[in-house]
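Look at the two complexes coming up: subunit A is in both, with subunit B in one and subunit C in the other.
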Partner chain A sequence: MKSKSGLKSADVSFSLDLTERDVNRRRVNRVMTRVIQLSALLAVIPLIGIVLVVASNGLPGLSLEFLTNSPTDQPRGILNAIQGSLIMTFVALLASAPIGIGGGIYLHEYASERTMRVGELVIDVMLGVPSILAGLFAYFALVPIIGHSGWAAAISLTVLMIPVVMRTTQEVLRLVPVGLREASLALGVPRWKTTIFITCRTAISGILTGIVLAISRGLGETAPLLLTSQSSNDTVLDLGSRMNSMTVTIFTWAGSPDPQFVTQAWTTALVLFTMALVLNVLVRFKTINSRVL
Partner chain B sequence: MSLKSSSKVAPRKSASARASTPGQRESEVAMQMKDVEAMYGSFRAVNRVSLDVMSRSVTAFIGPSGCGKTTLLRTLNRMHETTPNASVKGTIEVNGINLYGENVDPVRVRRSIGMVFQKPNPFPAMSIEGNVSSGLRLAGETNKANVAEIVEQSLRRAALWDEVKDKLKEPGLSLSGGQQQRLCIARAIAVEPEIVLMDEPCSALDPLATLKIEELIRDLKDRFTIIIVTHNMQQAARVSDTTAFFNMGDDKGGYLVETGPTAKIFTKPSNKMTEDYIEGRFG
Partner chain C sequence: MATTKHSYSRSKLSGELPFRAITLGAFVLAAALLFALFVIIFEKTFVLWSVESPLTFLLSSGWSGTVSDAGVLTAAYGAWPAIFGTLITSLIGIAIAAPVGIFAAVYLVELAPRWVAAPLTFLVEIVAAIPSVVIGLWALGDLSPRLRDSVEWWVASTIGQVLPILSEDPQQPSPTSIFRAGVVLAIMVTPMVAAVSREVIRSVPQSLREGLVGMGATKWETIRLVILPTARIGLFGAVLLAFGRAIGETIAVRLVIGMDNVEVPKSLFKSGTALAPQISVGFAEATALDLGAIGALGVVLFLVSFVISALVRVLVWRSARNLGGGR
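Let's turn to the complex of A and B:
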């Protein structure tokens, strides 16, 4: 019997039985889930692979003396390399963090639409600068003036670290809901205080992550250091002269015909890797409770 | 109330001293709007509005969507101009001072005229007491005892103290929607504004929470002048003393159709359009 709208009553029947379409849909669901899981696994495998390879090759060389001696002591150690890497990276951070955070805040909160687009383009280009170029820049512009030194290295690292902090800061500030800024302004809080105490405070875990990413990058760079701070066998704590670093040590020892050097290159890599890992984990723990974004 | 950029923040009196301060009296005009227009670029969202708001009363702005009620509300505490290309014409006078006069600092205006938004927006990075005291602390108040006293007083006034007094250090977001909105109200009144603006404060809340807030508004008007924008006509009828009805004109901008005592507007409005809106014939 036809209803007023012309439909036969059978066309509008309602049933919850499984049809063939449902079965197919479920099958596709299962397949796609497996594909996605597999992709995630494949992405993690190289990381696990690296950890295993570095650990297995590097652990034999690891000892307390290795961490506390210099390359000229017996047995060889990488203390001056660790010191050098840390000093140069953290000096670079002293410049990169304020500039990066300030720049990120400016681009997000104060810049016009056009300035923001240009700024983002510039940051993207800077992020893509090969580290050897940063090193070349320091080599030709700074080394003639201040010589092969930790300062030259720190400056080239700064060039590489600023865009990391700036980009991350800008991205997390974007995630802070506009309503928070409005609520703060409506309370009669001046704009600069709103930016620092409300917006940035909400985004702080993201900003700290940006800083940790920059530190990881700084600790892990080799090319700029080869051209600037080069290396040294002495304990050098003053940035005015050549300094040793973990990455240059790895580079130098890995190519050695002596297998002991090679093992110790692996060990240095292990130490470097562990440092970056611990730093990341620490920041995550400290900010996990205030993670609002 | 001093709004000049050059004046410093007045020293805070303790809660007990403030309680006995006379402040505004009823039957005084708290705010006078004269030919107020609000623009987004060249588009006029609000056409010449002139309206007086009596102190320690609740005034409701009602009208269909898009007729400029929220835009007008945001001009009252100089929030409208925080939108790029937005501008305001006309004068808005509070205590004889034009809020848009030269030398008037918008930050000081916003400290004296508070706002509660449609969607509750407590600061996620702060605890409950941190939220309530945020306006004070960011204005430079450092006396801890004073702050604690004001936090308790504001939470009591917002009818939230009993529910949160044991968990003041918990994050602001751990509360329910209705509680969060009362927290935002507590935060707004903690800085002791003279006027509190509310932009559809209950539209994101369930009916029970809505009723609690309406009760709260009735209590708050003993100390504060309240202007509330609402889509809900019954709410306006329940809660306000004066109602202003707005409508959208042919130029897509809003204008004030009629204003008057709530009872009169809802029973015997002077304007046919008002009557049609109240009866639900449009909007």
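Let's turn to the complex of A and C:
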């Protein structure tokens, strides 16, 4: 809209005295506008490609049996992979949500200026740790003791999910008006109660956003699981043994020479992609709500 | 009177210390985890350093180590092919993602009508939420053959005839290549560049734009003379952040790069390897020495990502000081 009106005013002033330089400037402007529009288009084309290809390759294999059967059944299904992904992510969330929220509260509500800076750096570095290193950490620290297991995977996921929760918590606490805290403190409410019942309650939808983002990250990780939980055909859901997951299933089946496995990798990808999409749409609505605060 | 007052305030404070301690504990635990991650990976590399110097490890290629019957360790591990692969793929990724992402952000903030901007922002950010293994599967099954038969074929049969670094037999192209891994990385980090750039460009004061429009500048002149220069530190941070993400990507790269770690490939259209994917392979029959070398790759990767994250944080602090708040 804006660019259009800009061009229109250009047309009007064209009837005035325009030097060759001005004409040139307008031409450059038109060309660069197109280039910028094209860039925006380029940024979305991969998404369209991925959605179309994953849907067209994955939909034919999608059936109720695929979601409710185990890999050893006929026809083959991914029930244990879905369960494994959900369980490991859930366990990781049980650890990372309190640590992340608590740490975020500490950094924003209690820490001195200097500690807060250190804390921000810690969060940044943790967010930037390549996920394979979280897997390597769990592989070196835990696999020799407890073997390839769901627990080791859950702990590597915890390392990756903590900074997501902590960053979101800290950012959203910053949005809570100071006046709210002051009003509560002025009424004689102790600081910790103010923090829990006023500050955090106000920011609750933002904190929930962080949790959903962490779940989304946990469900989508592959690399750490390759080193820790690996894969399994077992339908017994025991965190102490190897566990299947959707991401590792896609990875293993993608490289299979059997075309049936490859098709099922696409179908699994479709299931995982849909989950990621749902979680992110959820976050969208949450953030829109929390903007109002 | 004084005593009652005292006990009163103490009872009110009774929850204060535990709560403070718990939240402090949570933060310390997180920081300790990060510290432990580095220490445990670093500790595993000692066995390698006893037989091979870090410098040799960084700059040589090869991947073999043996323990003789007498217990003598010999090691010829080299990280150079992996470091080279990581650098090249990330640079290709950034070379594509930086202009596309920044211009996409410019479009979203400066040019797009509102009814386009909102859904488009959402779509761009959805790409960032796609699990990397799904992108990897798509890259392996759809994108990679397409790139092989279009861009790579065309370049290899024209420029590639002269430049060895872009050479490849157009009749028998390699099934995997470093170049394709770079393109996949570009697709994965473009949303990140766009999202951060968008925030940065949005924080450019409106009055600067108005100033230039008032002088009769065209839209592009406003963007080139005011918006991009004002936002340059933030934009640099966005690109750096994306670079950090690119060097850490494991699965999608592993699926298309070919995992050929013997030596540095002579052409971008040949198979290669990279740090993160290299860490994820070869665990099944790994000896302690092999694990030491894998750990050493991990240490290199950790240090690089640490430096990048710290640099980005410093940029954020500096731009916050310059603009007086706001990121």
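One rule holds for everything that comes next: the second predicted complex is superposed on the first by the 229 of 293 C-alpha atoms of A that agree within 3 Å, B and C clash if a C-alpha of one lies under 4 Å from a C-alpha of the other, contacts with A are read in each partner's own complex, and residues count from 1 in each chain.
Basically, a residue touches a chain if its C-beta (ideal position, glycine included) is under 8 Å from a C-beta of that chain, and two chains touch if they have at least 3 such contacts.
This is a predicted model, so every value here is computed, not measured.
Asks: By residue count, is subunit A touched more by subunit B or by subunit C?
Replies: After superposing on chain A, more of subunit A is contacted by C.
Asks: Could you look at A:247 and tell me whether it touches subunit B, subunit C, both or neither (first, second, both, neither)?
Replies: second
Asks: Once the shared chain is lined up, is A:173 touching subunit B (first), subunit C (second), both, or neither of them?
Replies: In the superposition, A:173 contacts neither subunit B nor subunit C.
Asks: For A:193, decide between first (touching subunit B), second (touching subunit C), both and neither.
Replies: A:193 contacts both subunit B and subunit C.
Asks: For A:185 in the superposed arrangement: first (subunit B), second (subunit C), both or neither?
Replies: So A:185 only meets subunit B here.
Asks: Given the touch rule stated above, what does A:154 touch, subunit B (first), subunit C (second), both, or neither?
Replies: So A:154 meets neither subunit B nor subunit C here.
Asks: In the overlay, answer first, second, both or neither for which of subunit B and subunit C A:207 touches.
Replies: Touch partners of A:207: none, neither subunit B nor subunit C.
Asks: Can you list the residues of subunit A that touch subunit B in one structure and subunit C in the other?
Replies: 188, 190, 193
Asks: Contact residues on subunit C for subunit A in the complex?
Replies: 12-13, 15-16, 19-20, 22-27, 29-31, 33-34, 36-37, 40-41, 43-44, 99-104, 106-108, 110-114, 120, 122-127, 129-138, 140-143, 187, 190-191, 194, 218-221, 223-224, 244-245, 247-251, 255, 276-277, 279-280, 283, 291, 294-295, 298, 301-302, 305-306, 308-310, 312-313, 317
Asks: What part of subunit A is in contact with subunit B in the complex they form?
Replies: Result: residues 177, 179-180, 182-190, 193, 197-198, 201-202, 204, 290, 292 of subunit A touch subunit B.
Asks: Across the complex, what residues on subunit B touch subunit A?
Replies: Going by the criterion above, the answer is residues 77, 79, 82, 107-112, 114-115, 117, 119, 121-126, 134-135, 138-139, 173, 184, 187-188, 191.
Asks: In the complex, go through subunit A and note every residue touching subunit C.
Replies: My answer: residues 1-3, 6, 10, 25-26, 28-29, 32-33, 35-37, 39-40, 42-44, 46-47, 49-50, 53-54, 57, 98-103, 105-107, 109-111, 117, 119-122, 124-137, 139-141, 158-159, 162-163, 166, 188, 190-193, 195-196, 216, 219-223, 226-227, 247, 250-251, 254-255, 262, 265-266, 269, 272-273, 276-277, 279-280, 284.
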